[in-house]
Amino acid sequence: MNAPPPEAKKDFRDEELLASVIADLIGDARHVAVGNASPIPALASLLARERGKGTPYVSLLGSPKHTFFTDGGRELFDCAGQGRIDVFFLSGGEIDGEGNVNLVSIGEYEHPTARFPGSFGSSYLYYVVPKVILFRTEHSKRTLVPRVSFISAPGGSPDNVHRTGGPVGLITNRCFFSFDRQRKRFKLASIHPGHTLAEVIVNTGFEFDRPPDVPETRAPSPETLRLMRETVAPELAEVYPQFAARVFGIGKSA
Amino acid sequence: MNAPPPEAKKDFRDEELLASVIADLIGDARHVAVGNASPIPALASLLARERGKGTPYVSLLGSPKHTFFTDGGRELFDCAGQGRIDVFFLSGGEIDGEGNVNLVSIGEYEHPTARFPGSFGSSYLYYVVPKVILFRTEHSKRTLVPRVSFISAPGGSPDNVHRTGGPVGLITNRCFFSFDRQRKRFKLASIHPGHTLAEVIVNTGFEFDRPPDVPETRAPSPETLRLMRETVAPELAEVYPQFAARVFGIGKSA
Amino acid sequence: MPMIARTLDDALSAIADGCLLAVPRESTGVGMAATRALIRRGIKRLSLVALPTSSLQADLLIGAGCVETLETSAVSLGEFGLAPRFTAAVMAGTIRMKDATCPALHAAFQASEKGVPFMPLRGLIGSDVLDHRPDWVVMNNPFGNNDPIVLLPAIKPDVTLFHAPMADRAGNIWIGRQRELVTMAHASAKTVVTVEKIHEGNLLDDPQLAAGTLPGFYVESVAVVERGCWPLPLPEHYPWDGEHLKEYAKLAATEEGFASYLERYVYERAAA
Amino acid sequence: MPMIARTLDDALSAIADGCLLAVPRESTGVGMAATRALIRRGIKRLSLVALPTSSLQADLLIGAGCVETLETSAVSLGEFGLAPRFTAAVMAGTIRMKDATCPALHAAFQASEKGVPFMPLRGLIGSDVLDHRPDWVVMNNPFGNNDPIVLLPAIKPDVTLFHAPMADRAGNIWIGRQRELVTMAHASAKTVVTVEKIHEGNLLDDPQLAAGTLPGFYVESVAVVERGCWPLPLPEHYPWDGEHLKEYAKLAATEEGFASYLERYVYERAAA
């Protein structure tokens, strides 16, 4: 309804669109935790909190000011194990069509052809956080692959494996895929304004489901844009000053 | 050598004798922990520390001033599990000849005829503290029994059970028994001045080994008595004021 | 977000009949005013778990008929003797007792804190404590060789209740070095706290205070009750009331005496 | 009793070639001055375990040839990119890598802290992290039904090394809310600490400071090194030195550049 007509000039930035989609996904969560170096998920989470008048509680890891943790580095994971983190974000050097993420290496594990930093907390959090939102701005056959070289954390597990969490979807710079946990497959849910189905198909290395007509990703409403720009962006600037300056022009004169 | 001749008038109090025996048992430990409401073991531990010029480290539980713990109630047990507590003291409503201690109840567990407070940490610490000194001032057939009604913690364990600790001896108001872990039996090591073998035998409910000639418990040396009275007792008074007043006359005028 | 309750009873509304209620040992900050309020309310069928021991609090709740099951390592009045109502109830068989040992309770709370179904613990093997706990399991340590070890299932309380020196208006609680309170809150679905006073300003904003703070994130409700541990101590604030505990020990030795204690010190609101 | 060392090298004497050395993540207080001193000393064959991640510290030690085995969940320079010497060493196969995940490392240190041989952890099943860890075991949860769970063996470091805001003369260390440092010290045979300054008076005597204090009981040696984390941050004291890290990332991209970095910033004592 609010979507601009096709080919209309966008009155929002890509980052704002992605944050808006993510904020909708967060829904009525009580606690969202955002990993280090994740400005768009952080923007989305603060937007969700603003809309929810303080709910969800948002923890921005790496920012002592925006986390309540006082029990050391384990508290995040203990908190997730207690069922007290509802939404988390993961990315991956590679992500495949079953929702497996690879944060370790490409090629043989003992003789890799590329090495990433490592799995961080993914091999645990992916299992115990109900809504994990996969996030990879680079949408290419290099990143979205048929099968990851190394599974840092699998997209799904057999029924008898304790699993209270997993992927709800994957957002890229081109589109949003929802994830069907039963079928262990992504489904193309919407294509971002300015992008095309053909472009998504040719740049995706894994197979995915799609409806006969793929909707366009809903653009952020004027009210959402206003909230993001006027209220959320200044808060975000305390944690991500460079991002806030680039996207929102905040603090540029400072 | 320093023992007074038999029947000589004692120039020390019973508490001083027991503390002196315990201090010798503590030996070259690095860390002695003393449970709540244990003034004689506390006196002995502080005496050992004074003799060792600061070694062992002495933790008097229940006294925030005399414990270093900052990680909550679990730290004592974690510390023991790390092998960082060398000596601890245990008592029991009942103690039997195999070194089993009962801190729970007498009679059938579901329908006891007597109930004690409970096992506290004994069911763990007895296994992991190398030197556990059993301590029961009331030496009678009621307390030293053939077989405890309830094993809060056993004196010994099968070889394949992880056990780095256990009893080294039992001190009472009448005598000191050493404990032989291989034979799982007590041996009468010495009888306190003023007490007799016949008296020990008639008041002990369990069987024990004894040498042909049982020595008298070595009386505290004048130097030990001086240290206890002049240096240790004032320190002890901060934690056990009533005991220090009764035994050493400290703070009576306060 | 935690509720800073207007009354103690409001703060305690999360503690329902029949719940699994966790309380700390006597030297850590026992919510005694809250305990008296629960007895006045007539709370029933509690499964009480005292980490790792209890004194007056368990004895009062048991004597007043509020407790169905008790899990702890010991109940005693310390230098004031045995806990008379606890002792009488165990001997009469009117409460179900789950005898434990201190580190087992600490570990079982940590299991819940970490979201794992169990924790291993050394010791215990060959004890009657283990023999009377069908809910504990002995397995072979897979990293050892014929090496039996006990596994303790996680304890997941419905509510943890304690008393602390202060809270701020965001519901952050300063607990100092009494860190089992943090583990208890993490392990429990809800945490209810009484405090001596409200700290103006956010406890998490001061690095020194933050180090000893339980975040309000884990807290359900807070009420201000001065001397909320009385007659038990609040570390570094006030000691035991020895005279009162002596009186309690004497009165609670008989059912009649205990009833008169309740009348005088619990039901009489002014004394709460 | 801890030694308050006269020199940094004296304090580091407990860290021997071939030892299992534990270090904290970059935001917790990394002993960077100590790390440079160890490289200058020519330390070799370290088994390094970073709880749960590392950045410049692991990269420097690896580049300087000090590391034989590395266990961690990730090594990266964060916003300054991949850790170049780590990446090169893994690809060249010159270090043995034990890839983990953050909570597994926390749990394995807690196992050592508690004196148990292992800790259970959810997650992991079906991952290649688990597949490449023959030292981790999958068993059936005895409290469940056909419910596999991973057991992690305890990690028992020979030495833990970190930097903290202050120590007192008894060797007590103020660590604030960086509580993994406490667990690391408990889990390790020895703990070596560098601090910004000496606090006059005993940290344990002040209830507020005590809440954030690691007791000297666990500490082997302490040395005062101002800005001991540089160019990494010390929380609430100083931030990253971004310019320096940018320079490092650029230089360390090649072996030659890394050698010149070492020459300029590590072997040149004035810069330490």
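A, B, C and D are the chain letters, set down in written order, and residue numbers restart from 1 in every chain.
In this text, a contact is a pair of C-beta atoms (placed from the backbone, for glycine too) under 8 Å apart; a residue touches a chain by one contact, two chains touch by 3 or more.
Bear in mind that the values here come from a model prediction, so they are computed numbers and not experimental data.
Of the two chain pairs considered here, A-C and A-D, the higher C-beta contact count falls to A-D. Distance between chain centres (mean CA atoms), chain A to chain C: 41 Å. Rounded to whole angstrom, the centroid-to-centroid distance between chain B and chain C, based on C-alpha atoms, equals 30 Å. The distance from the centre of chain C to the centre of chain D, each centre being the mean of the chain's C-alpha atoms, comes to 36 Å.
Contact of a single residue of chain C with at least two other chains is seen at positions 107, 110, 114-116, 121-122, 144, 147, 149, 177, 182, 210-211, 235-236.
Among the residues of chain B, those in touch with two or more other chains are 69-71, 74, 77-78, 81, 128. Taken pairwise by the contact criterion, the protein chains fit none of the simple patterns, being neither a path, a ring, a star nor fully connected. Chains touching one another form the pairs A-C, A-D, B-C, B-D, C-D.
Chain C meets chain A in the complex at residues 1, 112-116, 172, 182, 186-187, 204, 210-211, 213-218.
Residues 31, 54, 57, 68-71, 74-75, 77-84, 128 of chain B touch chain D in their complex. The touching residues of chain D, when paired with chain C in their complex, are 107, 110, 114-122, 137, 139, 141-144, 147, 149, 151, 153, 175-177, 207-212, 235-236.
Listing the residues of chain A that touch chain D in their complex gives 36-37, 62, 64, 69-74, 77-78, 81, 103-105, 109-128, 150-154, 157-158, 160-162. Touching chain B in their complex are the following residues of chain C: 24-25, 27-28, 51-53, 72-76, 78-79, 82-83, 86-87, 90-91, 93, 99-104, 106-107, 110, 121-130, 132, 144, 146-149, 177-183, 235-236.
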